[in-house]
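Presented below are the structures under discussion, each in the form of structure tokens.
Below, chain A partners chain B and then partners chain C, in two separate complexes.
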Partner chain A sequence: MTDPNRRQIISLRDVQKHYGSYHALRGITMDIAEGEFFSLLGPSGCGKTTLLRTIAGFEDVSSGHVLLDGRDMEGVPANKRPTNMVFQSYAIFPHLSVAQNVGFGLRKRSDLDKSAKSALIAEALGMVGLDGYGDRSAQALSGGQRQRVALARALILKPKVLLLDEPLSALDKKLREQMQTELRRLQRHVGITFILVTHDQEEALIMSDRIAVMFEGQIAQLASPQELYRRPVTQQVANFIGVMNFLPVEISMGQGGSIDLDIAGLGRTTIDSAQCPGAIRPGLGQAGLRPETMTLLVDGEDADGHLAEGQVEELAYYGDMTYYDVLLDGATVPVTISMKNLTGRQVLDRGARARVAWDPRALVVFAE
Partner chain B sequence: MIGNGIPGGGDIAIGFDKNARRGLLLVSPTALYALALLAAPLGAIVLFSFWTQDFLTVDTTPTLNNYREAFANPLYALLMGRSLLISGAVTVVTVLLAFPIAYYVSFYVNPRHKSLWLFLITIPFWTSYLIRVFLWKVILGFNGVINSSLLELGFIEEPLTFILYNANAVVITLAHAFAPFAILPIFVALERIDRSLLEASRDLGEGAIRTFFRVTLPIAMPGVIGAILIVFIPTVGDYVTPRLVGGPEGAMIANRIQVEFLRLNNAPMGAALAVIAMVLVTFVSLVIVGLNRLWLGRKS
Partner chain C sequence: MKGRGLLIYAVLYLIFLYAPIILLPLFAFNSSTIIAFPLEGFTFDWFVQLREVEALHDAVRNSLFIAVLTAVFSTILGICAARASTRYVFPAKAGIMGMIMLPLVLPEIIVAVSLLVVVVQILDFPLSAWTVIAAHTLICTPFCIAVLNSSFQNLDASLEEAAIDLGETRFSTFRLVTLPLVMPGVIASLLISFTISLDEFIIAFFLTGSEPTLPVYIWSLLRFPRMQPIIMALGTILVVLSIVLLIVAEYARRRGVAKAGKADTGGFL
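Presenting the complex of A and B:
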């Protein structure tokens, strides 16, 4: 996925953006490869949309460089850049029909006659599953259809990069999930680099080849979805991507690149230093464990490895899953454990004693 | 009995009636007012236009003579044509000048200061229409502000005469008076344009000028049409301005209608002229609306 031989289509070099005294982008440096599905993920106000608009040409950079396909974009206005955008509001022209919306950017293509343009429009509409919608008024469309029109309108121009600004946030859950799959399929089909801005970590994980997690105008971590989920470099990233339990830990350096840990509620263990992508040093820290990496054992079950004990404080039954809050003996805050409700698996009651099996390989350690 | 089985069915019908009745009650004072002061006089005017003035009495035998006379006498056609021309010119000037102002306030003024700007735009309304027209007389007159300044500065040898007591003076005065009426609907239309549409147009390859003609203007068109009608319809029948600054060359149809009613004591003739003016204004307005539909239709 991060093949170094692939051509870099976008290169950002120490991009800074100031709005008066507000420092929106604080030195963004990264490369995005051709054909990649790339996500900018972060909470609102982290600068992800500003960064996208900087690439599109709607915002100037205060300093630094934006290179598109090797060309410095300084002073190049949005209408001259090889990028197209799907806006959060979709920005469908209300006074035009669907076909005219999709064909809006074709005016300059003097090499195409009217029938060639119509064919392109029909093809673009077909690509997003809106065959035969060309004559409809843009105002008569549903949210999902508007989004498809916005996609077709951008893709018809065959941009080098397609920018998507929270394109799914206005859709209801079912439609959003459907569009996530569809967008991914579409991206593979056209092979164009997609840059998606989202605050939805699940969406980013599902769709992206790589994700840049942003906080306060900076990239906290840039990695593949699996890497990001399994090996977050800071507690902030770990908290933002999915759920992670944190337990106080005493860190001491072992021999041969190993790290000795004494974790509240879980006990002593040793892990490999490669398991800690973030900065690590002896002293106090936090040990992170994802809810699904722990197993709540029921009567008769036994663990081969590490075992801890505690009490079920709270549980939430979701049908397919049950989420338990378990206070481990020796810990002060409960950990969340998710269990699949497999056939025959008993759901524990509140207040029940619990034995928890866990695996040191799933640990992520953060120094304080 | 089956109908009664629908839960709440009866209640809904009663509730609806209640609402309708309340609505009627709410509009009835206005409706009665409009009926008494708009519809009734209008009916009287139409009725009068088919009658004949017979010295001091009115002959109520229905006749089309007034209309024949109106179409036969070139004076009426001249006044009518001039009215349409002047008010057409006023409309063009007003809307063309109003658009940039509305555009500026909508797109460039800090949102916090927009209401202050609108407030400033309406300042001319603080003085009466009549006083404003008189002031234009002072500004445009033979010894007025413009002429004395220009003479003093040596730009002209003798006072300019083409700015008062003719059609130009009427256009200048009316354009000023109606400017806020044109600015406000255009401003509202521009305010409603989602700014991301303009960014989308830029993103799809169009520059600022093309974006204006392909996106901004078509979407703001209802406001522009509103402004055109708001300026055009009342100015055709304007009486005060041509009377005060128009001179004989700037006289319009309303002045003639006044003459017929009050000086010549020929109410039926005046009524016929009024009806013709109304029909013409309606016709021109419909043409404007139709042309706009056609233009937008061609675009879409």
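Presenting the complex of A and C:
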């Protein structure tokens, strides 16, 4: 998973946080490497922002340890930690100019004279693509520009870790997508560890080296985007990252580590035990398949391997894609299948009979 | 017609409200010593005479001293209370804030009498400008809190966190970020408490020592009919002064709302 040669910049050891009777963080243990783009992903209220604020020093831990660059942060206030934060609201000081905002953190740097500070400010503004904006009032900026000022203001101090609290949630879709790539590029350029808090799974997948998926104050899975998407360890994670179809399955143990399955609507097949992330045992379970791993065959098309039949119950045409809800014969709930609308490919009608090609290697099986 | 009826009502209401105040300058510039119609002639005499009454000058000085200190004290207390009520959660917060705001609706005569009892009978303090300042601070603080609350509510809490995150201490954050952003509210609070203290009569009447405040002095003048046009002139000056101060206060508040980039939710005035 992580390169063992890389230095761990953040180490969390059984971090717990209580707010009165509310248990916000339930024993978080993880390491984040130097130079990593790391995301904390989860629904609202899962504790991801609390965890970020704990690292920043805005919240105390109830128990456990936060180590930054090997140093225990207990009793170290936020203004003495080698972290800087980009706030969800950006928190741009409205009474100061852009340059004053960006240079705010340099105020205490008595080793720098005025011209050295201006040079740093100009450099930071250039890094986020705001050359020449220094004299503008912070209030005259657009949402995207505020975001950039907040980034420059935090990065000018060359923190060991940059913390980003849902930094893109206030932007519209187009600008958000643009900033996603830009943030990623900026991170590679400065080489600083970024920790991003987001509830947007797509954003986390696009930007991160590794993602920690959090539910109810605990880490459900910590993995690379590909691993997370292909091999979610629980149904909850599978549901949160993208779309996954679940079909009831009867599990029995085969020979030599293989597992025999009888899946409702898809029939019998054998898979490798590595495709079962949790503890596997004979009995009932759920078989998960991503919508894009199945193919809806049109007239005249044929496929090797596994075929199933069903009926198109509903479809949604997106232009580049069509999403079908297909009720497989022998199943009780429809599965979603996404098909690219390639040139000449026919879009099936509602009610049409459908043949579905699928691949057992794409299965993820959870025991019940 | 329904609209016309409401219009007449509104006009009558405004006349009822402002006619007495308009009479002040009318008689202040009238040359007759008797406050009655018809008016006689135009004169500046009463304003000129104002300059010659020594006791009046003492009263003005006394009032200004009390009003300035009251404004400063009640605004400082107001800043502390408004910040606490908008930033922190603490036990019995609603109850405590309610009790602090209560003097807004408490009859002043009750406050005045009970303070007199406390100061003279229990504490055995001599009555002076300082007892008036203490009492005025008590009644002005709720107004200051009301004004400052909206300033602090409009202040995004993450602005203060951002400053701390960038290396500032709590104190320097307050100086560099919090105070500049709530400054228009602070100015409004200073002006409003100054105005309230300046024209407050009941408490000043009870608690003032040998040196009366301006309203108490004016009240004592009413026994001398000869002095009445002078009071009218003085009243005119005070009305103009009050209006100017309140306009400045409201301007400061609106500028503050605009500065914080928030929609105006209606202010104190």
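By definition in this document, the second predicted complex is superposed on the first by the 367 of 368 C-alpha atoms of A that agree within 3 Å, B and C clash if a C-alpha of one lies under 4 Å from a C-alpha of the other, contacts with A are read in each partner's own complex, and residues count from 1 in each chain.
Note that in this section a contact is a pair of C-beta atoms (placed from the backbone, for glycine too) under 8 Å apart; a residue touches a chain by one contact, two chains touch by 3 or more.
Predicted model, so just to flag it, every value in this text is computed and none were measured.
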Superposition on chain A - do chain B and chain C clash or fit: clash
Touched partner set for A:139, first chain B, second chain C, both or neither: second
Chain B versus chain C as contact partner of A:108, first or second or both or neither: both
Which superposed partner A:174 touches (first chain B, second chain C, both, neither): neither
Which of chain B and chain C A:100 touches, first, second, both or neither: first
Touched partner set for A:79, first chain B, second chain C, both or neither: both
Contacts of A:89 with chain B and chain C, given as first, second, both or neither: both
Where chain A meets both chain C and chain B, residue numbers: 56, 58, 77-79, 83-85, 87-89, 91, 93-95, 104-105, 107-108, 153-154, 157
Chain B to chain A touching residues, read off their complex: 194, 196-197, 199-207, 210, 214-215, 218-219, 296, 299-300
Chain A residues within the chain B interface of the complex: 56-58, 77-80, 83-85, 87-89, 91, 93-97, 100, 104-105, 107-108, 153-154, 157
Parts of chain A lying in touch with chain C, wherever the complex brings them together: 56, 58, 77-79, 83-85, 87-89, 91, 93-95, 104-105, 107-108, 139, 153-154, 157
List of chain C residues in touch with chain A within their complex: 156, 158-159, 161-169, 176-177, 180-181, 259-261
